[in-house]
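These are the structures in question, set out in turn.
In the two assemblies presented below, subunit A is common to both, partnered first by subunit B and then by subunit C.
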Partner chain A sequence: MTLFIQQLFNGLALGGVYCLAAIGLTLVFGVLRIPNLAHGALYMLGAYVTYFFLATLGVPYLAAIGIAALVLFVVGVGLERLVFHPLRNSPHTHHMIAAVGAMFFFQSLAQVIWGADFRRMDTPITGSLHILGAEISAQRIVIIITAVVVLALLTWFIKRSIHGQTIEAIEQDRTGAALVGINPSMVSMLTLGLSALLATIAAGLVSPINLLSPTMGDALNLKVFAIIILGGLGSLPGAIIGGFALAIAETMTSTYISSAVGEAVAFIVLVAVLAIRPTGLFTKAVQR
Partner chain B sequence: MISVSRNRSRRLLAAAVVGTFALSLAACGGGGDSGSGDSVVIGYTGPLSGGGAAYGENVKMGLEMAVDDLNADGVEIDGNPVTIELKSLDDKYAPSTAASNAQRLADQDEAPVVVSPNAGAIKAIQQINSGRSNFLVSAYTSDPAIVQADNPLTMMIPPNFESYAKPFTEQAMEHGGKKLALLGTQSEYGQQWTKAITDEWKASDGEVGADNSVDYATVSDFAGPVSKALAEKPDAMFVGGPSQPTALIMEEARKQGFERSFIVMDQAKLNEMATVTDIENLTKSVGVLPVDEYEDPGTEDFLTKFADKAGEDKVATSETALNYQGVAIIAKAMELAGSTDDPEKIRGSIGDALAEVDDKYKVTGFPTEITDQGHLLNQELEVAYLDEDEKYNKVPVEQVSDTK
Partner chain C sequence: MSALKNPRNIGTLALLVIIAAAPLAFGDENYIMRVITTGLCAAIAVYGMNIILGFTGQLSLAQGGFFGIGAYTVGLLTTDYDWSFWSAFALAVIGTAVVGYLSGLIALRTRDEYFAIFTMAIGFIIYLTISRWEAVTHAHSGVNNVKFPEAGDLIDFSDPTAMFYLVFVILLVCVYITYAIRRSGVGRTLLTIRTSEDLADAIGVKVGLSKQLAFAASAVFGGIGGGLYASVVGFIGPDAASVDKTFEFLMFILVGGMGTVAGPLIGSMIVTFLFEFFQDFQAYRFIVLGPIIIALVIFAPRGIVGYLGGFVDRRNRRRRIAETRSTDEARGAAEPMETTTSEETK
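After this line comes the complex of A and B, so read on.
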C-alpha cells in the first residue's frame, strides 16, 4: 500500500509536467494546424534559461521560472514569425521539416552555450512529507500544486479573457473568426508564445529532480505527442486528462509489471488509440 | 513573382555550389599537407553532438591534451621532427557513421590511427581497418568482444569490464548483504553488466531480485524506479549509467531510506558523481578508482593541466586520462617503428613502447604489457570502496582472461 501511495504521487507529479507540456502542443495544433516537432527543444531551452537565471544570476527559484517563461514566450513568438509564418501557405511537410530544423538548431545552441555536460539545478525547496507512510519530496508537491494553479489560470484565460477567446475562435473556425475581425496572425503568435511559456514552466518544475542536457527534450517530445493523440488533437481537456492518465499508467506499469513495459506504455497507448479511436478521447480537431 | 524568386534561388544555388567547391578544394589542400612527412594526423570519431556528446567531449579532451604535450616535447621520427595533429569527426554514437568517418580519416587525412570510444562503432571499424585501407584503431571500450575479434590492428585501452564483477560482488556482500536489487541502465553495455553481476552474485550464493533496469537517458523522474527496486528490501543495489543520472538515482535511494551498499558500474565515476550530489549519498559503494586517487608519476601534473583547460568545476575521469595515455603510447610506438604511415609496424612496436613512455604520461594505471590480441594490461588494477568516512579504499583486482 505504501508503495502504491508513493507511486501515485510520483505519477501525479509526472502528470503535472506532462500536462503543461502537452497543452502547449495541443493549442499550437489547434490554431496553426501543425505538429510542432520543436516543442521538446523549447522545453529544453526553457530549462536552460531557468537555470541561467537561477544559478548564474541568482534569481529566486519561482521568479527564475517566471522570467524564463517570459523569455521563452518571446522565443515562441519569434519562432512563429521567422519559421512558421513564412511557410503558412506551403504544404504541411514543409512545417514539419522546418520544425525539425528548429529543434536541431536549439539543441546545438544549448550545447554551444552551456556545453554537452549534464547540469544539475538546485532548488531551495528541500525536505519531504510523510503521507500515509509514503515519503514524498517537497519538490513533487510543488510540481503538483503549481501545475494545478497554472492549469486553472490557463482555463480562465482561454474561456474568459478576450485574447484567450480569440484562440478558441480561431481553433473552431479560422475563416469565420477572421470575418468578425480577429487577426489570425496575432493569434498564431500568441499561441506559440503561450506554448513555449507553458513548456518552460514544466521544465523549470521538473529540472530539480532531473538533469539538464541539450537532448532532454527528446524523450518528452515523443510522450507529449502520444498524450495529445490520446486526448484528441487540439483538445484542452484531452491534454489534461491524457497527461495525467499516461503518467500514472507509466509509473504503475513500471511498478507492477516491469520497467520496460512502463517505458513502452505511451507507445502502446498511441498505437491502440490510432487503431481503435483515431480521433482521441475528446473529439475536437477536424482536419480541414 | 514566382519566376523572380526562382531566378534568385538559382543564383543562390549557383553561389552555394561554387562556394562548396572552393571550400572542399581548400580542405583537400589542407589534408594533402598533413600527410607529407613533417606532420601526422591522429583521427578521432566519437559522439560530439546528441545524447553522448558529453562523453565524446571528455575523450576528445584527453586526446587534445596529449597532442599538445607531445608537440611541446617534440616528437622525432627517423631523425625528423614531426608534428601531431588531431582531427575529430562527429558520429553521433552511430556505428555506421563512425565507420565512414574512420574511412575518411584514413583515406583523406592519411591517419595511421583512429580513436573510437564506443564498442558498436569499434566493431564496425574493425570490418574496414585491415583491408583496402590500413589503420590502427585505438579502442576506448571495456567490452572484451573487441579483442576476441582477433583484429590485427586493434589497441584496446581500458580493462575488461568482466574483471570487476568479482571484487564488486565481494565488497557489496561484505558491506551490504546477500540480497541484490538491479537498477542498471538499459543500454547494450548496461545489459552486459547486469548479466555479469547477476551471474557472479548467484555464483557467490547471493539472491538477485527482478531486473528493474531503466533507460537513464529518457526517464523523467527516478523516484518511481527507485521505489520499486527498494520494495524488494535489498541489501545491495546495482546502479550505473552516465555519472550524473547515476548520482541522482543514488541520492533518491538514500532519500527513500536505503542505507546499504551500492555497486556502481564502471561507466559512472564516483568523483564525477560527487559534483552533482553530496558525497554522503555515495558512501558505502564500490566502483572504479577515480583518476584523482591514482598515484602514478604523472597524475598530479595531469590534474593541474586538466583543471587549467577544463575549468575548476569539472573533474578528470578515465575517459580523458586513459586516452591521454593512449596517444602517448601511440606516439612512442611511431618513434620506435620509425614510421608514421605503417600501422602494422606501429602496432608491432607498442609492446616495446610501453617501457619507454616518459613518466609524465603515466597518469592512471599505466599499462605494462599488450596482449597478442591488442589489449593493454596493467597488472596492478584496483577498484575503490568509498566508506562511511568518505574515504576511498583501494581493493586489488584479479583480472579475468579476455578469451571466452
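After this line comes the complex of A and C, so read on.
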C-alpha cells in the first residue's frame, strides 16, 4: 500500500508535467490546425534555458523557470511568425515538414551551446514529506502544486480574460472570429507563445528529477501526442484527463510490470486509440 | 516511342546515364564511390517515401525506422547468425513488408495529422527497440563487419565499383516502378487521394486499401535501401534507424521534388554531397540544414524537378497556344469576323 501511494504521487507529479506540455500542444492544434511536431524541442529548449538561468546566472529556482518561460514565449512567437505563418495556406504536409526542420534546428542549437552530454539540474528544494507512510520528495509536491496553480490560471485566462477568449473564438470559427474583429494572426502568435511557455514550465519543473539532454524532447513528443490524441485534438479537458491518465498508467506499469512496458504505454495507448477511433476518442467529426 | 519525346523522361534517362558513368570518373577513388553508393541506398528509401508522401500526400515519419529494420536484419543475420547476404536481404525485404503491412492496418484508418503522428510513433518505437534491446541488437556498440553480397567467383562485391553497380541496378528497378506507378491507374488513384480524400472516397476509390498498400510499398523500399546500406557501409549503429534518418530522407525528397520520378535521385545525390561537405561540422550541420528545409518548404516546395517540370509544362502550353493561333490564322480571319457580324445583325 505504501508503494502504491508513493507511485500514485509520482504519477500525479508526472501527470502535472504532461498536462502542462500537452495543453500547449492541444491549444496550438485548436487555433492553427497543425500538429506542432517541434513541441518536444521547445520543451527541451525550455529546460536548458531554465538551467542556464539557474546554474549559470544563479537566479532562484522558481524565478529561473519564470524568466525561461518568458524567453520561450518569445521563441514561440518567433516560430509562428517565421515558420507557420508563411505556410498557413500550404498543404498540411508542408508545415509538419517545417516543424520537423525547426525541431532539428533547436536540438542542434542546444547541442552546440550546452553539449551532447547529459546534465543534471540541482534544485534548492530538498527534503521530503511523509504522507500515509509514503515518503514523497518535496520537489514532486512542488510540481503538483505548481501544475494545479498554472492550470487554474490558464483556465481563468482562457475563459475570463479578453485575450484568452479570442483563442477560444478562433478555435471555434476562424472566419467568424475575424469578422467580429479578432486578428487571427495575433491569436496564432499568442497561442504558440503560450504553448512554449507552458512547455517550459513543465520542463523546468521536471528537470531536477530527470536529466537534461538535447534529445530529451523526443520521448516527450510521443507522449504528449498520445495524450492529445487520447483526449481529442484541440480539447483542453481532454488534455488534462489524458495527461494524468497516461502518467499514472505509466508509473503503475513501470512499478508493477516492468519499466520497458512503462515506456511503451504511450505507444500502446496511441495505437489502441487510433485503432478504435482513428480521429481520437473525444473529438467531434470534422468536415473538411 | 512517344514516351521518349517527353522532356521529363529524357532528363531522367540522362541523369541515370550520368550516374551509371560515375565509376569511369571516380573508379579509383574509393571514398567518393562509397559516398555515391550510400547516396543511392538512401535514394531507394526516398523512392519509398515518394510513394506515400509524394503521390499519396501522407507524411510518413517512419521511413528511417524501416530503413533501420532493413539495415539491422541484414547486419545481425550476416554477422551473429552467419547467414548469407542474399538470404538475409530477402528476409529484410519480407520483414519490412510485414511490418509495413501490419502498421498499415491502423495507418489506413487515420488521415493527415493523425497519420503523421502515428507514423512518428512507429518510427520512434523502432528506434527505441533497436537502441535499447542490447541482447539482440548490441545497442550502441552497433554491428561490425556486415558481409558483402556473395556471387561465387563471378563478381567480387568488396570492390566498390561492383557494389555501386549492384545498388544502381536495384535503384533502376525502383525508378522504373515509380515511373510505372505514375503512369498507371494506381498512380492516378494515389494522386486522387492526395488531392482530396473525401472526393476520392466519393468517386469509388478504395482510400483505405490504397493507403495501406502505398504505406507497405514505401516500407519495403525503405527496407531494401537499409539492407543494401548495411552491406555497403559494413558498420551500422542505432543512428541508422533514428528520426534523423527520416529527416534526411525528407530533405532529399524536398530538394529533388515530391511526386516526381527523378526528384528523389537528384535530391539524394545533391544533399548527400552537401552532407559530406558539412561533415566537419557534424554537430552544427542541422543548425544550417533545419532553416534550409524550412525555407525550402516555404519558398520552393516543388523541388528542383518540380520547377524543371513546371518549366516544361509552360513551354508546352505556349507552343500549343502558338499552334492553335497559327491554325486559326490559316483558316482565315473571315470566320471570327462572321460570327461577330451575325451577332450584330441579331
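FYI, the second predicted complex is superposed on the first by the 279 of 288 C-alpha atoms of A that agree within 3 Å, B and C clash if a C-alpha of one lies under 4 Å from a C-alpha of the other, contacts with A are read in each partner's own complex, and residues count from 1 in each chain.
The working rule: contacts are C-beta pairs under 8 Å (C-beta built on N, C-alpha and C of every residue); 3 or more make two chains touch, one makes a residue touch a chain.
Please read these numbers as outputs of a predicted model, since none were measured by experiment.
Clashing of subunit B with subunit C is the outcome of superposition onto subunit A.
When the two structures are aligned on the shared chain, A:G133 is found in touch with neither subunit B nor subunit C. In the superposed model, A:P60 lies in contact with neither subunit B nor subunit C. When both complexes are overlaid on chain A, the residue A:G176 reaches neither subunit B nor subunit C. Contacts of A:Q111 after superposition on the shared chain: both subunit B and subunit C are touched. In the superposed pair of complexes, A:S254 makes contact with subunit B only, with no contact to subunit C. Which of subunit B and subunit C touches more residues of subunit A is settled by the count: it is C.
In the superposition on chain A, A:E263 makes contact with both subunit B and subunit C. Residues 107-108, 111, 116, 218-219, 260, 263 of subunit A touch subunit B in one complex and subunit C in the other.
Within the complex formed with subunit A, the residues of subunit C that make contact are 53, 57-59, 61, 106, 109-114, 116-118, 120-121, 124-125, 128, 132, 198, 243-244, 247, 250, 254, 283-287, 289-294, 297-298, 301. Contact residues of subunit B toward subunit A in the complex are 48-51, 53-54, 56-57, 186, 210-215, 217-225, 227-228, 231, 242-245, 248, 255-257, 276-277, 314. By the touch rule above, subunit A contacts subunit C in their complex via residues 29, 34-35, 37, 82-83, 86-87, 90-98, 100-109, 111-112, 116, 218-219, 221-222, 225-226, 229, 233, 260, 263-264, 266-267, 270-271, 274-275, 278-280, 288. The residues of subunit A lying in touch with subunit B in their complex are 3, 6-7, 10-11, 13-14, 17, 107-108, 111, 115-118, 120, 128, 135, 137, 140, 206, 209-211, 213-215, 218-220, 250-251, 254-255, 258-260, 262-263.
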